[in-house]
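So, here's a batch of structures to check.
Shared between the two complexes below is chain A, which has chain B as its partner in the first and chain C in the second.
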Partner chain A sequence: MDYFFIIDFLQSLVDGLLFGTTYALIGIGFTLIFGVMRKLNLAYGAAALAGTYIGVAASLAFDAPPPLVFLLSALGSGVIGILVYYCCFRFTPTHYPMASLLASVGMLLFIDEVVIHASHGMPFPYPSVFRDATIELGDVWIRGDLLFVFGICVVAMAVLFWLLYRTPLGLATRAVSQQPRAAALCGIDPTRVNLLTFGIAGILGGIAGAMTAAAVGVISPIIAMGLTVKGLIAVVIGGLGSIPGAIIGGLLVGAAENVFLLLRGVTERDIYVMLLLFLFLTLRPGGLFGSSAGRD
Partner chain B sequence: MLTLENLSKHFGGVHAVDGVSLTIHEGEIFGLIGPNGSGKSTTVNLITGLYAPTTGTVTLDGYDLTAMAQHERTAMGVARTFQNIRLFGNLTVAQNLWVAQNGHEQRRAHFLPRWFKAGGEHSPDIDELLKFSRLHSKRDLPASALSFGEMRRLEMARALASNPRVLLLDEPAAGASLEDGQLLAERIRDVRDRGVTVLLIEHMMELVMGISDRIAVLNFGRKIAEGSPAEVQANSDVRAAYLGSKHKDEELIHA
Partner chain C sequence: MDFYFGLAQIIGVHTLLGLSAYVVLLTGQVSMAQAGFYAIGAYTPGAMTAMFGLHILPAIVIAGLVSAGIACIVGFPALRVKGLMLVVATLAFGEMVRLFFFNLTWQVERNGELVGPNGAEGFRAIRYFPQNGWEVWHVTVFIWIVVAVVMAALWWMDRSRAGAVLRAVGHDEIAAQSIGLNLTAVKVGAMTAGGFIAGLGGGIYAHTVTHIEHGVFGVLLATFAIAYPILGGLGTVFGTLIAVLFIQGFLIEGLRFMGDWRSLLFGALIVLAMNLRPTGLLGEHAPRMKHLLGLRGRKTETLESKEAN
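Our next item is the complex of A and B:
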């Protein structure tokens, strides 16, 4: 192994870890929703991307500055998250978990079709910031745009942790995830907690979608599948229901993706990332941080 | 104050609760007893709203609770503890109380400012409840780190944090020794002295007979007796019901 290979490897690893924070956010979103409802919302990645398009629309309509585009992407995705809750989860019977799961698959395809129709399937430019800035650490360069992505995602996580651990809303959310029956008997309205969780998860997804598009500089409908699949792999690796697990899982997926990109090329990259999914599901189905603690 | 009228719950052909009517008066400790499978737990679940009754109504101070969801009944003043403890294990002791206090209060005030306001676990109300439950030194420990007895005390404190009118205690002595039972009896009296009406569902006869003002006995989902502890103990139907289940009989006679 020569010096240049090691540098290339480290460079891939650093890029991957920085970008992996977007997968971590998507993973956290899956985990939050699963935590309060014990249901998987497969439309989540598509809803996040659709929200990101709302930012694009603002950018096209009145040439909105990048921070406003990012903000509208996040909020738009929060709103779509709440719509998904009402369409797929609020009124489907709780005793048939398949109903909401299939509804969310249908919603995934529906949102995808709407986005393709509205955008004519064409990629749009998405604002990217600090594109030309780099920080040089010896021969490894840290890209400014990726550092920005990383920074925004870390701030989003910090705000989420503050919400979950310091505010009544967060405590109510955690109470519902741990003991839904006792939480209801503490006067907590589970519907309201579910609604807010979908909204907050949606905002996180919108941030992840915006940052993904910002890192690439374009937005296209195919990003939705990547967000969904990589986010799911992140939670499988980390353990569904664990927020620290989703963060670690997201970083690992980001790192693995870039290392496979270096070693095997762009067309083979995702094949190996998918193999990670089966590896974990077979050998460690609970994930790294999977809790065995049950609830009813 | 709490009135059950002709309350029934049928699961398929099983009549778990069958036409039960009860009136629990303000400020009393009311014991609800009966052999295993007599419908006590189902009755509790009908009062708190986990099940919708097949027939009948539940009213509190004249307000009909029958159509309300569980969290709405909590806001009306119904609280309960669980036989198998259901604490929020990852939350601290104080946060467990804060959640209950807040879940209750958020219905009164506009919820957004309240739900994003940090640090509410340091309120005087919560301090008072922690002292009342002798959990003050453990306030910042996760609830899962408590001993069994402490968990039971925290469950009761959490139920009190929602500021209930009536507290349903579902077998609070389960797993407790006889000495613990004595302490528990004092605690239940303390709760009543705070102005909370108590509905006690319990197997430990000594406890129920010792502290209840009145007692109702269920068997096969029907109420077979109601009255003072002495009246209930003297009731021949009650003796027959407990003779059917061997272990409880001795407890009843010796209590």
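Our next item is the complex of A and C:
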């Protein structure tokens, strides 16, 4: 335990926590959709990836500035999220959860393949900002681009909270997630709420995808799987259906990932993150903030 | 001709993979871990025949037992959570197994060369069949005997009390519990049986392709595993077989002229099928042979199935 090890450790922890906000966003998306529909949308990570590619296409086509690329990524992913809703959730029976689950898996494969076809499976550079800026806190450096990622994700979460707790739309969303039938009796159209939730979750996913790509510097189809699996782990650790849980879970996954990267190397890192998930499943199946253990 | 034998082999092992997911799906659980059990089943007998010179038959049975044991161990923590959380847990487990084999390097010297899993490069030279003079059709017949035995066992189980118990848990857990069924035992039992079948399939797969690597056992394979029974319908084991024949025989081999676009088609097909026929091709209640032939008893059966719904 020498000094340099502790500095390295702190450095990974800080980087991981900053990057973990992207997992938190993906986790929030899963949780939102689960909240209103009681369904798992496995195509979510792929939709986020496809949205990010729309941003890349814009930057390649007419040399768009980074903020516009980020915006297009988010909006594109929102549109794809709505598309996923119509293809996989709108017309499948609600009492037979396997149908929509498998449909969303099919959509995951479909979107993934479309992206690979369109991009020929090649990684593309993704714009980033504040790449050269660093803040030095003693011997720990905070990368400017990661801080930007962190900032954008926090802003996105703040906007989401405002939307959920301060607007009529948010009230309707929370009503549907608490008791869909009663909400429908009060004149809320659950279909419209579901649709908007998929759109909002898609936009969050697009932001997460854009920020992941911005932090890495390149975008390739591989990140969809990482986003999906890590986002799901964040949700399970935090408790399915809980937004604060998803945030804490995302930060925890990001930090754990980077610390294990330091301790065990890149090929073994994900094994330990998944072991962490099993630890939580065994000791706390409902997650940190889950309302009841192992609920469906 | 060898091409068709090869195709029959692929269909055979994929049928085993689909059936392994079928057992678990009967209890209403969606397990994305079948690719992981399949991987364990592929590496274990590969190691036993290639590295220690065991006969194929005990090797694949041991592979099944090892996979079943691990499925049982995984089942307990994973089944503390239900439904959607289980999907996540099993997905993570499958990826964990894949990453384990990605990192595994364990080679022994045999006949002057190193054999065994070698990390990212995979496990080469699982040459039991060619070394012992098995021809392609021998292997094909061997695979289909195993498939037939497993299918017959599952078909029989479906009609016995065990099948009724599994379906009871799948349809309504609370009702099943209130008539005195032990939910954990049933679910872990189904998971163990699924692990055993996936292990058998993986063991055979490793010997037919002679080279296995971690990338094969990813999420795509896990998706195939659950897609077969759901697309075919959970009413009967033959639904799984039909789905495998359609996907492997028609969609992947028959449409070969379409090149890479087939994988696009696979995803689109799943989405379409789930929208048009969410309970699968043969449905949750398999049509009986006599109904298909238009014989008597049709009316009472439809009434019964209405009540069951």
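By our rule, the second predicted complex is superposed on the first by the 292 of 296 C-alpha atoms of A that agree within 3 Å, B and C clash if a C-alpha of one lies under 4 Å from a C-alpha of the other, contacts with A are read in each partner's own complex, and residues count from 1 in each chain.
Criterion: a contact is a pair of C-beta atoms (placed from the backbone, for glycine too) under 8 Å apart; a residue touches a chain by one contact, two chains touch by 3 or more.
Source: prediction; values computed, not measured.
Chemist: Who does A:274 touch here: chain B (first), chain C (second), both, or neither?
Modeler: The answer is second: A:274 touches chain C but not chain B.
Chemist: Chain B or chain C: which reaches more residues on chain A?
Modeler: Between chain B and chain C, C touches the greater number of residues in chain A.
Chemist: Looking at A:186 after the superposition, I want to know if it touches chain B, chain C, both of them or none. Which is it: first, second, both, neither?
Modeler: A:186 sits against chain B, while chain C stays out of touch.
Chemist: When the two structures are overlaid on chain A, which partner does A:40 contact: first (chain B), second (chain C), both, or neither?
Modeler: second
Chemist: On the A-aligned overlay, A:117 touches which partner chain: chain B = first, chain C = second, or both, or neither?
Modeler: second
Chemist: Which chain A residues are contacted by chain C in one complex and by chain B in the other?
Modeler: On chain A, the residues that contact chain B in one structure and chain C in the other are 293.
Chemist: Which residues of chain C touch chain A in their complex?
Modeler: 25, 30, 77-78, 80-85, 87-89, 91-93, 95-96, 99-100, 102-103, 120, 219-220, 223, 226-227, 230-231, 260-261, 263-264, 266-271, 274-275, 278-279
Chemist: In their complex, what parts of chain A are in touch with chain B?
Modeler: Interface residues on chain A, with respect to chain B: 162-163, 166-169, 171-172, 174-175, 178-179, 181-190, 192, 293.
Chemist: What part of chain B is in contact with chain A in the complex they form?
Modeler: 48, 50, 69-71, 74-75, 79-80, 82, 86-91, 95, 98-100, 102-107, 111, 114-120, 158-159, 161-162
Chemist: Under the touch definition given earlier, write down the residues of chain A that touch chain C in their complex.
Modeler: Counting only chain A, the residues touching chain C are 34, 39-40, 42, 87-88, 91-93, 96-103, 105-114, 117, 225, 229, 232-233, 235-236, 240, 267-268, 270-271, 274-275, 277-278, 281-282, 285, 293-296.
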